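Below are two complexes that have subunit A in common, paired first with subunit B and then with subunit C.
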Partner chain A sequence: MMTLITELFLMPLVAFVIGLFMVLMMRKIGARLQRRVGPPFFQPLIDIIKFHSKETQISHGLIHDIGIIMAVGGYIAAETLLPVPGMDGIADKGGIIALTYFLMIPSLGLALGVGQCANPNGSIGISRALTAMLAYDIPFVIVIFGVSWHYGTTNLVEMVNYQQANGWGIVEMPILALAGLFTLQGIMGKQPFEIYVAPAEIATGPMVEMGGKYMGGLFIMQAFQFYTAGVLYTTLFLGGGENWPTFLMKIFIVVSIPIMIAYMFPRYRTEDMLRLMWKWPVIAGLIGLALVMH
Partner chain B sequence: MSDLKQIPVVAKETGKERTNPLANVFDELIRFAQARSMFMLHYCTGCGAIELPPAMTSRFDMERLGIQPMVTPRQADILLITGYVSIKTLKRIILTYEQMPSPKYVIGICSCTVNGGMYWQSYATAKKLNEYLPVDLYIAGCMPRPEAVIEGLRLLMDNIKSGKSEPWKDYYQRYDYYLGNQQHLFGDDWQTPTDIIGEAEHFGLMGPETEGEHTRLLQQHQQPLEPHKMRLK
Partner chain C sequence: MTLLDGLILLALISVLVTMLGYRLPVIGWLTSALFAGQLLVLFLMSGLGYGGDTIHSSVALSIFGQPLSWRFDALSWFFALITIGAALASSLFAAGEWGRQYRQNGGNPGLLQFSLALNVLTMLILLASGDLLALFIGWELVSWASFLLMAMAGGAAFSWAMRYITYATGGAMAILAGMGMVYQMTGSLQYADLMAVAGQLSQAQVVILSLLFGSGFAIKMGVLPFHLWQAGAYAETPGPGTAFLGSISSRMGLYGILVVLVQLIGLGRLIEIDISFTWLSLRDLLMWVAAITIILPTFTALRQNDARRLLAWHGVGQGGYMLLGIFSATALGSSGGLMHVFNHATYQAALFLSVYAVVHRTGTADLNKLGGLVTRMPLSFLVMLVGIIGLAGIPPMNGFVSKWLVYRSLLIEGMPLLFVASVIGTLGTILSVYKLIHNMFLGQLRAEHSEIREAPWSMMLPMLVLSLIVFITGFMPGLALDWVAAAQAAVGLPVLQHSLGGVEMEQGGLDMTWLVAVLFAGFGIGALLFYSTGKTRHVNQLDNYAGGHFLTADVRYHYSDHFYAGLMHRIGHWYRESFQWLESVLISLTGFVAQGASGFYRIVQPALLMLVVVVLALWVVR
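For the complex of A and B:
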């Protein structure tokens, strides 16, 4: 019982720290691709402290506050369902279906919070964000279905054990893994698919009215988001974590792929994103599914 | 009062003694974070704006100092005024400034913000920026090079770290003065959607000159804010 409580406390904390490093990595990669030096080492943390130390914190009402809590809380709950080396938390009770539901909570929380700001840019942004969610969730669900069929379980801990005994999922289902990588780009909201942020067009969309601790909360959420995406993909296809060094290496490599793609692309419009997401990853996912189920 | 040193600084009265022995350490940490992470608003006026892209991109790279462009006033810490300010633009600048969460800093880049520069004789430009907004720092030059801009930002950083950069409090504490100058330019019925007096009360930043004859004039003319009517053409 005691270990469970410690793990429930420790897992989000570890996720946050690793997530901060991922944010740093993202900004460093972006800087290097543009031949800049990039931010100093503690920059992601300093930004978050700065935002929380603002003296005037402008709230737009109760739902605005709750929305941010839902956005961060959804991810914190999701972290306890993701097995990491040495800590399973409640992963073997939750499984991947529960995790998929938890991953939708942040977007919905954000939608609630942004709705109360009554800023038209924010409303446009969040409607685009929810459309984007619809776009990548279809291939995502196909991938999850194929993976669970292949391993014969929806339990993430058993998936990891299976892969450690029989080899990585990416070797056994390469086409599904490819579709999964495509979806990851959407889940992380990175460049070809970040029309809902669109800084120069709708002034960062959902974030337009967020200042002070609200923006700080969203920065924290971003750290969790990167970590969740990396660990989920690693758990499904790359054999999860045997020990911390290889686990960290795997998740950082997984996260760096979408980031590197992101900094080399402009963005698609929403309908183009929808068309793209419902075509190629879905086709790849269905072929992969057929190969798994034959 | 155009000399920043003459501006009276009203000490913040929170009403309770600080008993936490770590309070100073926290303050130090917070000031450090505020100095090392400055998001500047992407709202550039006048010709000086052309010097900012080189300052941000690979040649001079502001991000290594923790300075980043941001697109909305809510997320920003610095408001850069990069050049001459026409009367029409000044209205937008004030609207933008009032929406930023404090601590917030204003930097006037270019000679035109200091005294009107080469637009001194123009009827359409505001001359001294610090009559309408509390300016932290001026960077003179027509136009200043990116090195000068970065030098100025570093100076602001040092000021924040040592707790000297607090003109934003002045806007709350002497709102009447700034509002008076604004009314002089825009007319008596000038009003913004942000309730500065209410914010000053809420966050404990009221000063002796927050209210005065100009704010009374504002209250006479103030109309309640109403949402725009939705209309389909």
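For the complex of A and C:
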């Protein structure tokens, strides 16, 4: 029991630290591709501290605050559902379906918080974000079905055990893995699918009224989001974590792929994202599913 | 006299009291007390909910040599619990200030309470039916009682109610035909006799029986393609009546399907029957009908601009999950389908009541004429938030658990397309409920709403209790799963092995107590992080970035209309309204035939008269 409680505290903490490194990696990759030096090592942490210690912290009401708390708290809870080397947390009590729905709680919190701000630009951003979710979740659930069917379980710990005994999922289900990688681009909100985050034009996206620690909360959320995407993909297709060095290598490689693609692409409109997401990854997912289930 | 007699007698007394005392100012409280009494009697029978023996009524009749009997088993008890609970919540909501305002606006709250009591009585009679004839009598009573509730507001409500009763009559005809067939095959209308021959029926007989009974009951459920009446009819019903209808009324159809298709004929028979030229069995076909019933109404709801319509359309769609789960015929899936009946009733009632609390204060349910109400009506917002999380099927509310059970069973059974279809329905629901809560409670508060107050306590109490139930049965689903398991046993479905937190399984179970506890711990840490740093300053809602514009309260600054413009750009042209078209074709066809018949009669009538005259004349001159 004590080990479980320790794990429950440790897992989000580890996720946070790794997530910060992933944010750093994203900035470094971006910088190198644009022939810049990039930020120093501690920049992500410094940013978070800076956001939280700003003098002006504008609140648009209680739900604005609660939205940020839900966004961060929801991810903190979700990290305990993702098994990492040596720590399973409560992964056996939820499984992949519960995790998928758990990951909607932070988004819902963000949506509520933005809604309270009474800024139509924010609301438009949320309308785009939810539409994007409808776009990438359809191929994503096809992938989830295929993977769970193949491993015969929804338990992520069992999936890791299966892969460590029988070889990685990406070898046995290459097409599903490809479809999964495609949807990862959307889940992480990276170019060409980043219009719903609108990081380049904050004033016309969901973050328009977010400043100070509100922005800081979203920054933390982004770190968790990167970590979650990387670990989830690794658990489903890359054999999960045997030990920390290989596990870290896998999750950083997984996260670096969407980031590298992101810096090479401009942006699609929301409706084009729908078209794209409902076409190629769905086709690939269905073919992969047919191969898995035949 | 058994407890069941007592329950029905008390329901009858409630009807009589509301009928005689509908002018009394305290009639609302009185009816609520009577409903509470019925709930108490039901609790005395709660042994049923945990697998106790069937309770028979001491009343037994015989019509034309057909014995009629009434009894309560675990399934009846489960549905009766939801029915009376929904009625109690609705009645309490209407008892205080809502009823007074309704009376001032020319309505008759006593009539509303009477209709509620009548609906409960008829539903109890239906749920207690012990043979097909009693079932049919109960079914007709329920139809006309809901017609009364729908039609009592007059005007548009009346024409929607007429539409309902047209459909319902068609459904009753189908059921009657099915009963005729059963009678012809077995010579009796007893459940046991049909059950005894179910194994020997030919495939054609099973197909015809399930289509007749299935479509008859499905009309009440609003299963596609019989769904067009429901949203309008429910939305036009006054206030708490909508909450009652939306949460339980249409599930009577599900009860009928459970009794006839699942208990008497048996899903095993439906699975055996393959449909030619497809790889589907009859059961699979019904599951696909359920899946389409999830998707199409959900995306219709997404386009609604009236909060009541939006919720009513979701009511149609959520029925699909129940059917999908039950037709899966597994312990997991059918428990999900049955539990969803309970869950849907709780959050849907909470949602409708919170919408009506807003209507009570603002006078409108138009999603383009509200906004920002969270600062004025925070508790109603909370109720709606709990409700939409339940409706969307996101943890930690109970809607997630029942949907999880359905998803999990589809996964085990290897039905990927149905799985994806049901998730698409959930995603569409999330989009649509966010629009609901955003357009009503978030965004900019309108100047004319700046002084409104929270709904009074008489209305808040049922809303808060309902949302508490939504949360508690999400946190500890085992509480409701006990009843569900007993109901499964009663209709002969495989029984789900469950724990307080959900389901324990080798290949991935669910333990909500842990998940919810960790979730709230996460929120706690998030709150600690948030509140321990930087002091916030609250600003006026108009104090925000407007791209250089100067904002005043006169300018509308709330993004509400055409909320999902990007999505509609892509899927807008997929809304063909084919079913509306089909219905109108049917209506005009009927009209055409009727006109033709009357024309034929008019043409033929003079000729016949002439003939008669000629014959008479010939007879005279002969």
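Operating definition for what follows: the second predicted complex is superposed on the first by the 289 of 294 C-alpha atoms of A that agree within 3 Å, B and C clash if a C-alpha of one lies under 4 Å from a C-alpha of the other, contacts with A are read in each partner's own complex, and residues count from 1 in each chain.
One rule holds in what follows: a residue touches a chain if its C-beta (ideal position, glycine included) is under 8 Å from a C-beta of that chain, and two chains touch if they have at least 3 such contacts.
Source: prediction; values computed, not measured.
The partner that reaches more residues of subunit A, of the two candidates subunit B and subunit C, is C.
By the touch criterion defined above, A:Gly169 reaches neither subunit B nor subunit C.
Of the two partner chains, neither subunit B nor subunit C is touched by A:Gly288.
Looking at the shared chain after the overlay, A:Arg27 reaches subunit B, while subunit C stays out of its contact range. Legend: residue contacts after superposition of the two complexes on their common chain; A:Gly230 is shown touching neither subunit B nor subunit C.
In the superposed model, A:Gly38 lies in contact with subunit B only, and not with subunit C. When the two complexes are overlaid on their common chain A, residue A:Val208 makes contact with subunit B and with subunit C alike.
Look at A:Ser53: by the touch rule set out above, it reaches both subunit B and subunit C. Under the contact criterion defined above, the residues of subunit A that touch both subunit B in one complex and subunit C in the other are 53-58, 118, 203-204, 208-209, 212. Of all residues in subunit A, only 8, 12, 52-63, 65, 68-78, 80-81, 90, 92-98, 101-102, 104-105, 108, 111-112, 115-121, 123-124, 126-128, 130-131, 133-134, 137-138, 141-142, 145-146, 148-149, 152-155, 158, 203-204, 208-209, 212-213, 216-217, 220, 269-271, 274-275, 289, 293 touch subunit C in the complex they form. By the touch criterion stated above, subunit C contacts subunit A in their complex at residues 372, 374-375, 378, 381, 385, 389, 393-395, 400, 404, 407-408, 411, 414, 416, 419-420, 423-424, 427-428, 430-431, 434, 437-438, 442-445, 501, 506-511, 514-515, 518-519, 521-527, 529-530, 533-539, 541-547, 557-559, 563-567, 569-571. Per the touch definition, subunit B reaches subunit A in the complex via residues 29-30, 32-34, 36-37, 57-58, 61, 63-64, 66, 70-75, 77, 99-103, 199, 203, 227. Contact residues of subunit A toward subunit B in the complex are 27, 31, 34-40, 43, 46-47, 49-50, 53-58, 118, 199-200, 203-204, 207-212, 215.
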